[in-house]
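Consider the two complexes below, in which subunit A is the common component and subunit B and subunit C are the respective partners.
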Partner chain A sequence: MISSINPSIKAIAVLIPGIMLGFTFDVFTPLLYFIFILIVTFTMSDIPISKWLKFFSPFLIVAASFAWMTILYANQTFSYGKVLFTIWGLEITEGSVITGCSLALRSLCFVSLSLLFALTTDSTKFMLSLMQQCKVPPKITYGILAGYRFLPSFREEMEILKQAHRIRGVHRTKGIKGKLQQLKRYSIPLLASGIRKAERVAIAMESKGFTGERERTHFHQLTVQKKDWMFLALLIGGLAVIYITSYYLGYLNIFGKQF
Partner chain B sequence: MDMHLERSCKNNVNKGQRKPVLAVKDFSFSYENLNKPLFHQLSFELYERETTLLMGPSGSGKSSLALCLNGLYPEAVEGTSSGSIFFRGKNIRDFHKGEINQKIGIVFQDPDSQFCMLTVEDELAFTLENRKIPNAEMPKRISAVLQQIGMDGFQKRKIHELSGGQKQKIALASVLLLEPELLILDEPTANLDPVSRLEFIRLIRSMQRQFRITVFIIEHQINDWFEIADRVLVMGSNGRIIADGEVNTVFSENKNRLREEGVFLPQQFDDCLNHQNSKSIPTSFDKVIISIENLSFKRNEQMILKNMNLEIRHGEFVAIAGENGAGKSTLLQLMAGLLKPTNGEIYFQDVFLHHWNEKELRKRIGFVFQNPEHQFITDTVYDEITFGMKLNEESEEKIKSTANQLMQQFHLIKHRHSNPFSLSGGEKRRLSVATMLDETPDILFFDEPTSGQDAQTMEELMNIIEKLRENGTSIVFVTHDMDIVDQVDRVIVLHQQKIIYDGIPDNLWGRKEILKKARLCLPYRMKSHDEGVPVYDLVY
Partner chain C sequence: MGNQWKLKEIVLMSILGVVFGIIYLAFFLIGQGIRNILAPFGLAPFGYEIIFGIWFIVSIIAAYIIRKPGAAFTAEVIAGITEVLLGTAAGPGLILSAAVQGAGAELAFALTRWKDYRLRVLVLSGMTAAVISFAWHLFYAGNIALAPGVIVATFAVRVFSGALLAGVLGKWISDQLAKTGVLRGYALGKELQKQREQGAA
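Take a look at the complex of A and B:
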């Protein structure tokens, strides 16, 4: 199960293919890897498909619009091949369509990789692992953990603010100037209380003997085991196999250079 | 915890030869410069195994003092200090970083901003990790401390799902894991309901007895702490200690001085408090202002209020009480038209609440929020007060005269050009009420207006309410303060989505089963009738 993989290793396993894919400009390679990630996601984790789709579907639109923009405005390197059709005086070539689709598929790969990480990782464990495996200073990791706790309270506070301002009749102010002022009115009290809370938590942490030094014991001892390395090998190995396949089939295109 | 037991066995100090744990010498502290110190040349000592209570008006710097005592201030803020603080004879500046914090533990006021982890066990482990306790030993220690505070089995629970009282107990547990020699409590019960407050105080008493720990309590409401304090220190608004002595003598000797300073006197010393004066207003109310029929309210599929029927009449002073999470604030927001009922109807002056024109409704309904800062929308006190009138396009003259009159009444004249956020706690509270009064509202809602306020601010608030009622305004309070509930015309008790009591307060005090259910307690004047009976037996 992916949720039991060490979070730091998982982060690396997701980051490396993400970066590597950034260099491929053909359609075939990202498409294969996208299918590979889908298989990994739904066979090795217990993320419900409906939940996954809920997060994933908005990005389909984003990816489609990326593709469309690239197709319209591909630069010379990529606008090779014959002209398929013209729109608004712009010539759409075979090359630009391929580049556009490739971009869309690559962004879908990023999204699905990110979801694979985000939906299977406990935020606390991720921070603890960053501290234990990647030697990130406790000051930073505990700071993020404490901040993370505040997110729900911010939303609550925002609700109260809206009500309090409604009582004062604020929403009756008109025009863009009024709306801008309203933004300022929300942000100052929110900021003020945010700073105050952060200060209080920092003080509470210090008063419990937290000094920020790296030397400390760990309640949750996170370790790197064989299965973590295997997962890393799977994601990167999968990419390598797809690169090779794509090379032999003659699809591989890195930075516009066909191999 | 073994350390404490050991220490208490070795040490059998009697009261004659008191041993100072902490000594403060000529200590001054200020946020900006030393010409305007928050407290000035403080000198006092805290003695081994004694429980000392520090009182003082709000804004006198009590909480800052607590943080100075364990060395977090002035480093953590841009502040300067002079003088010294000694812990067992050693200047606290000479301790290693983090060392003094483990010897002096603090429990803070706000239950929501003293944790950095999500679950109870992670939070408690955080303390142990800081102390570099081997992780094999942690589960044992965590379960032991949870047993001591009566919360064993809560290890995996999420902190934000606990009640305020439970959160404070967890905060205490994580401090106890430091095995401190001095325990500082900074208004730890200010945000708790009455029974949770008494439970917490009882817990402190038993911890103090068990471990013979030295305790320093910072509070401005002494009543409930009275039983466990050996000694009282009072800090004046000038930043100096103005009284120091045993609990029983300090108040009788300094009564007038303390009252001038706005310090809450324990009620057996406070002959000024007159419970009857607010009831002088005629108690026959017949015109209904708000009526609620079959009201239900759900939030995230969770039923908050169910099939509620209620009428509020013109000129009535009503208190809504009940434990944390019983839906008191929700009911208030529904009545003010800030939330929409899931089912049922609310009528305001015989018209459906949601049929009212918003502008007209806001003129007639006032609402004072728990945190006054939430209501501020402009940059100066004057703009704040005139904001509503300007929206309603009143004449320049009327705006000016009304604003001046309000600022006069609420003692805000000298702050007319100040930023509302820069005012003191009490001033903010007064301003938040003043902004509601540019038009005399028909009904005014208050959500916990007295939490964290000192005696003087509260008295002022009650005087303002008195005047409003003379003009026929209905007042509805949500409050935990049973002494306030004791002064109203009618009290409504909420419990598990329903009203379980609706009537005059005097009859409520006799209904022990209701008090017990809703986690309420008796007002102080009732408790003090039975001398010698432990205060906790009178809760129920």
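Take a look at the complex of A and C:
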């Protein structure tokens, strides 16, 4: 189960393929890897398909618009092949369509890798793991956790601000200038109260004996096990196999160079 | 990031990172909106570039308030982590992009040895972040496949946006915050206090 994989290793496991995908400009490689990630997502985790689709579907539009832009504005290296059609005086070639689809599929790979991580990882455990495995200073990780915890309270404070404005007769304003002023009226007090909270939390932490030393005990002891390394090997190895396959089938294209 | 950092400075930096992480996510949607508006005019590539500076702003704010080496870089990375934890289109690779942008912003402060925090340095910081992040996106987002004219034009827009939306706006927000008095315990608030005392004397 992916939710039990060590969060730091999981982060590395989705990060490295993310970088490696940056080299390809053909359709075959990212498409195959996208299918691979889908298989991993739905066989090894218990993310419901409906929930996954809810997060994923908006990015289809993003990816499509990304592809369209590349198709229109591809440079000479990537607009090889014959001209397919002309639009707004721009010649659309076979190569630019392939590059556009490749970049769109690449971004879909990024999204699905991201969801694979975000939907199976508990933020507290991720921070604990960053502290224990990646040796990130506890001051920073606990700081982030404290900041993360304040998120729900911002909404509450926004309500209070709105009510305070209303009781003092400050109304909604019209026009761009008014909107900007309104933005200032909300954002500065919200940030200011966030900063006050940061200060209070820091003092509370110190008064309760938090020194920020690395030599400390943890409520949750996270370890790296064999299955974590296997997961890492699976995601990276999967991409390596796909790269090799697409090389032998003659599809591989790295930075516009066909192999 | 050693002992010269006070805990409250680190917590402040983290909270700024988390808050701006959410703002960054919101601006992703805004960028998409602008892009859809510009698309019929054939200007879609500029949709995100116009507002790209906003994605460097936490670097400038954190560095300007705290004034310590590493503030610009770390705050940006924290914002990136927050975006990833909340779920983003760019994937976990966004943490890398954030690190690259943060390093770019930090570069300007490093050039002044973390001593000068006047407007021109903050603007420069927004611009260096834009330059470095642009180079990174040529590779990572595959922008290198675009036509040279488009690359040059988007580059110019991004640098301009970095100077304005990160540098100038970042300074303005920090100054507004300092006026409320909540930053009294931090470098920016202390400087303001000193100025006031000198003005009174």
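Everything that follows uses one rule, which is that the second predicted complex is superposed on the first by the 253 of 259 C-alpha atoms of A that agree within 3 Å, B and C clash if a C-alpha of one lies under 4 Å from a C-alpha of the other, contacts with A are read in each partner's own complex, and residues count from 1 in each chain.
Just so we're on the same page, a residue touches a chain if its C-beta (ideal position, glycine included) is under 8 Å from a C-beta of that chain, and two chains touch if they have at least 3 such contacts.
What you see is a predicted model, and the numbers here were worked out from it, not measured in a lab.
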Is A:G250 contacted by the first partner subunit B, the second partner subunit C, both or neither? neither
Which of the two partners, first being subunit B and second being subunit C, lies in contact with A:A11: first, second, both, or neither? second
Which touches a greater number of subunit A residues, subunit B or subunit C? C
What is the contact status of A:I188 with respect to subunit B (first) and subunit C (second): first, second, both, or neither? both
Which of the two partners, first being subunit B and second being subunit C, lies in contact with A:F117: first, second, both, or neither? second
Should A:F59 be classified as contacting the first partner (subunit B), the second (subunit C), both, or neither? second
Looking at the overlay, does A:G178 come into contact with subunit B only (first), subunit C only (second), both, or neither? neither
Give one of first, second, both or neither to describe whether A:A202 is in contact with subunit B, with subunit C, with both, or with none. both
Counting only touches as set out at the top, which of subunit B and subunit C does A:G237 meet: first, second, both, neither? neither
Which of subunit B and subunit C A:R106 touches, first, second, both or neither: second
Identify the overlap between the subunit B-contacting and the subunit C-contacting residues of subunit A. 146, 188-189, 192, 197, 199, 201-203, 205-206, 210
Contacting residues of subunit A [partner subunit C, same complex]: 11, 14-15, 18-19, 22, 25, 55, 59, 62, 65, 68-70, 72-78, 88, 99, 102-103, 106-107, 109-111, 113-115, 117-119, 121, 123, 126, 137, 139-140, 143-144, 146-148, 150-151, 154, 184, 187-189, 191-192, 194-199, 201-203, 205-206, 210, 212, 255-256
Within the complex, subunit A is touched by subunit B residues 67, 70, 72, 76, 97-98, 101-102, 105-106, 108, 110, 112-118, 121-122, 125-135, 138, 160, 174-175, 178, 333, 336, 338, 358-359, 362, 365-367, 369, 371, 373-377, 387-388, 391, 421, 435-436
Mind listing the subunit A positions that touch subunit B in their complex? 124, 142, 145-146, 149, 152-153, 157, 160-161, 163-173, 185, 188-189, 192-193, 197, 199-211, 213, 215-221
In the complex, go through subunit C and note every residue touching subunit A. 1, 5-8, 10-19, 22, 32, 35-36, 39, 42, 44-45, 74, 78, 81-82, 84-96, 139-142, 144-148, 150-151, 173, 176-177, 180, 182-183, 185
